[in-house]
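Two complexes come next, and they have one chain in common, subunit A, joined by subunit B in the first and subunit C in the second.
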Partner chain A sequence: MSIEIKNLTKNFGDTCALDDVTLSFGENKIFGLLGNNGAGKSTLLGIVTDRLYPTSGTVEVDGENVTNNDTALSKVFLVAEQNMFPEDMSVKKAFNTAQLFYPDFDRAYAEKLSAKFGLNTKKKIKALSTGYSSIFRLILGLSVNTPYLLFDEPVLGLDAQHRDMFYRLLMEKYAEKPCTIIVSTHLIAEAAELIEHTVIIRDGRIIRDCPSSDLTANVYSVSGPGMLVDAYLSDKHVLTVNTLGGLKTACVEGGTAALPEGLVLSRVNLQDYFISLMEEEDRK
Partner chain B sequence: MTFQDERPIFLQLAEQLEAGILSGAYPEESRVPSITEYSVTYKINPATALKGINLLVDSGLLYKKRGLGMFVAEGAKEKLKAARREKFYADYVETLVREARNLGLGASELAEMIKRGFEDVD
Partner chain C sequence: MKMHLKSAFRYQFKSALKSAIIFCLIMLAILAVFSILAVGGYEESRATFVGYGFSAAIFMFVIGIVSIRSDLRLCLQLGISRRSAFVSEIFALLALSAALAVVGELITGAAQAAVLTAPSKHVFVGDLYQMMYLQNGFLQLGFFQHILSALCNIGLIWATCLFGMFFSLMFWRLNKAWTVIVAISIPILLNVVPWLLAKAGFDPAPFFTWMLRSPFFYILTCLVIAVFIGVINWLLLRRANIKAV
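Then we have the complex of A and B:
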């Protein structure tokens, strides 16, 4: 049971948004799809849910190609920035409609969450503020109960309290009824500890695809007097170097050698690693 | 509790659980929070919470009651205290003695100082 993406390429005119992407999203895991703006995250999720057509390559859900395939598509729900319902529809009505398309949609739970977030379900979708428009879509996502749940930048426009609520609810949902979750985000620090497996996409290409704990296991930051750091770095894979007066700090990927006296070692979190990796790619 | 330092979350979670057992927040034979509770409260992946809890299971501090959850083992507090004392010796006493030697302090002088410490520190 998985989503299998094979050799997926998507061109928009001269622009290559996805370049030969092959990925597997396995059962009941939480995946993080990380990348800067324009990296191809939304395009990828759009193709997975058949909202966009690939230039070449395939997407299969549990072994079935998703293109024009309602059976395969009914297993996948995407919470994206765009609203999928007519603007004139009320939230209540939209819940009714969702129930028709997704038989496992939990209406009572959606109502409960609406009350919790303070979403007025009598309001028309177009009358919702940016934040509540996001909340409306998140509630749909948390209530549909599809085996695959995709979130494209889920917390945009949400205040800190609502973001916190969303992450907790997502964990509650996942713990009670495990499913495959893909969260695409550039707000990495907030989501870092939720993500079991990390995929990093850059300029339409996958540059990292591994368990989150492995990703930064071999990454560390070393700092100390400039000359000492330089000598230490000579045979290492260095992602970034920062200098502050005489103090030099470098982000290094690869095994740790015995550290010379005078240097300090520390771990690097997912967000700092991501930034260092992007800076390294920028220089290429 | 918030996770702020750079050490892996599962280690911090395990330490927090140990501290809870030592302080009596989680008495012996009582249930500790579930994977789900940890996962929701701290917004961490359940696999991470499981990894932290398993550290305590492996060292015999927690045990599983089928269908009921994780419980603090009998004797867990004493076991932890013993481990902490060993760690205290390694972390503090050995360092203390080393620094005492550097400063030319002998065993009896150091003992005197420790005695003074017990009088001075509240």
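Then we have the complex of A and C:
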């Protein structure tokens, strides 16, 4: 029970959006799909849901190729950045339509969430603000009850309160009915607590794919006087170094050797790790 | 691979049905206005209502243009593959074409009956089949003739609708530069190609003579065109990137 991506390549003219990506999204886990703008996250999710046609490679959901396969596609729901419903459709009619296509669509839950977020279901989709347009799509995603739930920038335009509410609801949903959730987001710090497994994509290639705890467990930050830090870093895999006056801070990947006197070691969170990794990649 | 056509078909048919009902009401209103003008005291005036089939075809041409993209987006959002969305769209539009053709026969049948019983026979009600194969202005069609007339209209409406879909899909696939090139080329080609064909000595008259020999030849021609355009439409859609507006 998984989404298996094998040797996936997608070219848009001369631009290679995905380059021979092989990846697996296992059962009942929350994945974070992280990457800079234009890294290929949305393209990857678009191909998984058959919205985009791959140049080469395959995507399988529970062993079935997704291309032109209703059985496979009906197990996957993508909450994308953009609206795919007719703009003159009302929220209420969109719920009715979702109910027509998904027998497990929880209408009562969708209505309850609409009331909770203050979403007017009588409004037309085109009349919704950016934030409420996101909320509308999130509510659909939380109510469809598919085994695979994909979120592409889910909190776009949402205020802090609504973002917090969404993360809580997602966790509640996951605790109640475990499913595979893939969250592609730039707001890493906010989503970090949710993400069990991190996939980092850059320039269409997967550069990290492992449990979040492993990713950050192996990375730490060392700070102290410049000379001491430089000496300590001589045989280490350094991701980034920042200097402020005489103080130097370095992000290091690998085991922690005994620290010399005068240096301070601290843990690195997922966002800091991501930034450090991207800066290291920039230097390559 | 099992196709989930039922829900997509229901949605696609229902979404176009409202516009189709409005179209039928407009056609009825036009017929009513013509009848009132012709019968209501103007001895010299005559009204002719023969354009239902063509009007329905033009209406469905527009439906073909506007519905395919939004229906595909919605279907892909709701777990229906592009192939199933396309197949169900084709069948939904065929069902709608059939519904419009049947309504057309009901309207023309009722109007012809009314004309025959009315004291003043200043209103001519007919349709494509009647003009092409019967050429009898005041004839009231029998049941079998209505069936043939409906089949002729279904063929025309469906083929035109798929043609509208073709334009929508073609312009969806083209980039900006090609959109401009194709948009300019179409009217030029429409004028130049017939002229070139005539210059080359091509005479389409035998084909039209053959088609006018039997309504079944006409229906067959429409079906062949519809299937041909349908295949081209699928080729255009097969690898298209389905994006939001």
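Just a few scattered comments:
One rule holds for everything that comes next: the second predicted complex is superposed on the first by the 284 of 284 C-alpha atoms of A that agree within 3 Å, B and C clash if a C-alpha of one lies under 4 Å from a C-alpha of the other, contacts with A are read in each partner's own complex, and residues count from 1 in each chain.
Criterion: a residue touches a chain if its C-beta (ideal position, glycine included) is under 8 Å from a C-beta of that chain, and two chains touch if they have at least 3 such contacts.
Predicted model, so just to flag it, every value in this text is computed and none were measured.
Placing subunit B and subunit C on a common subunit A by superposition gives a fit, with no clash between them. Of the two partner chains, subunit B is the only one touched by A:269; subunit C is not.
Shared-chain residue A:168: touches subunit B; no touch with subunit C. Touching more residues of subunit A than its counterpart among subunit B and subunit C is C. By the document's definition of touching, of the two partners only subunit C reaches A:76; subunit B does not.
The superposition places the C-alpha centres of subunit B and subunit C at an angle of 150 degrees about the C-alpha centre of subunit A, rounded in steps of 10.
Contact with subunit B, but none with subunit C, is seen for A:193 once the two complexes are overlaid on the shared chain. Closest approach of subunit B to subunit C, taken over C-alpha atoms in the A-based superposition, is 27 Å. Every residue of subunit C that touches subunit A in the complex is listed here, in rising order: 1-4, 7-8, 10-11, 15, 70, 73-74, 76-84, 238-245.
Partner subunit B is touched in their complex by these residues of subunit A: 30, 164, 167-168, 171-172, 174-176, 193-196, 213, 266-269. Within the complex, the subunit B residues that touch subunit A are 3, 6-9, 35-36, 39-48. Within the complex formed with subunit C, the residues of subunit A that make contact are 46, 49-53, 64, 66-71, 73-78, 80, 82-87, 97-98, 100-102, 146.
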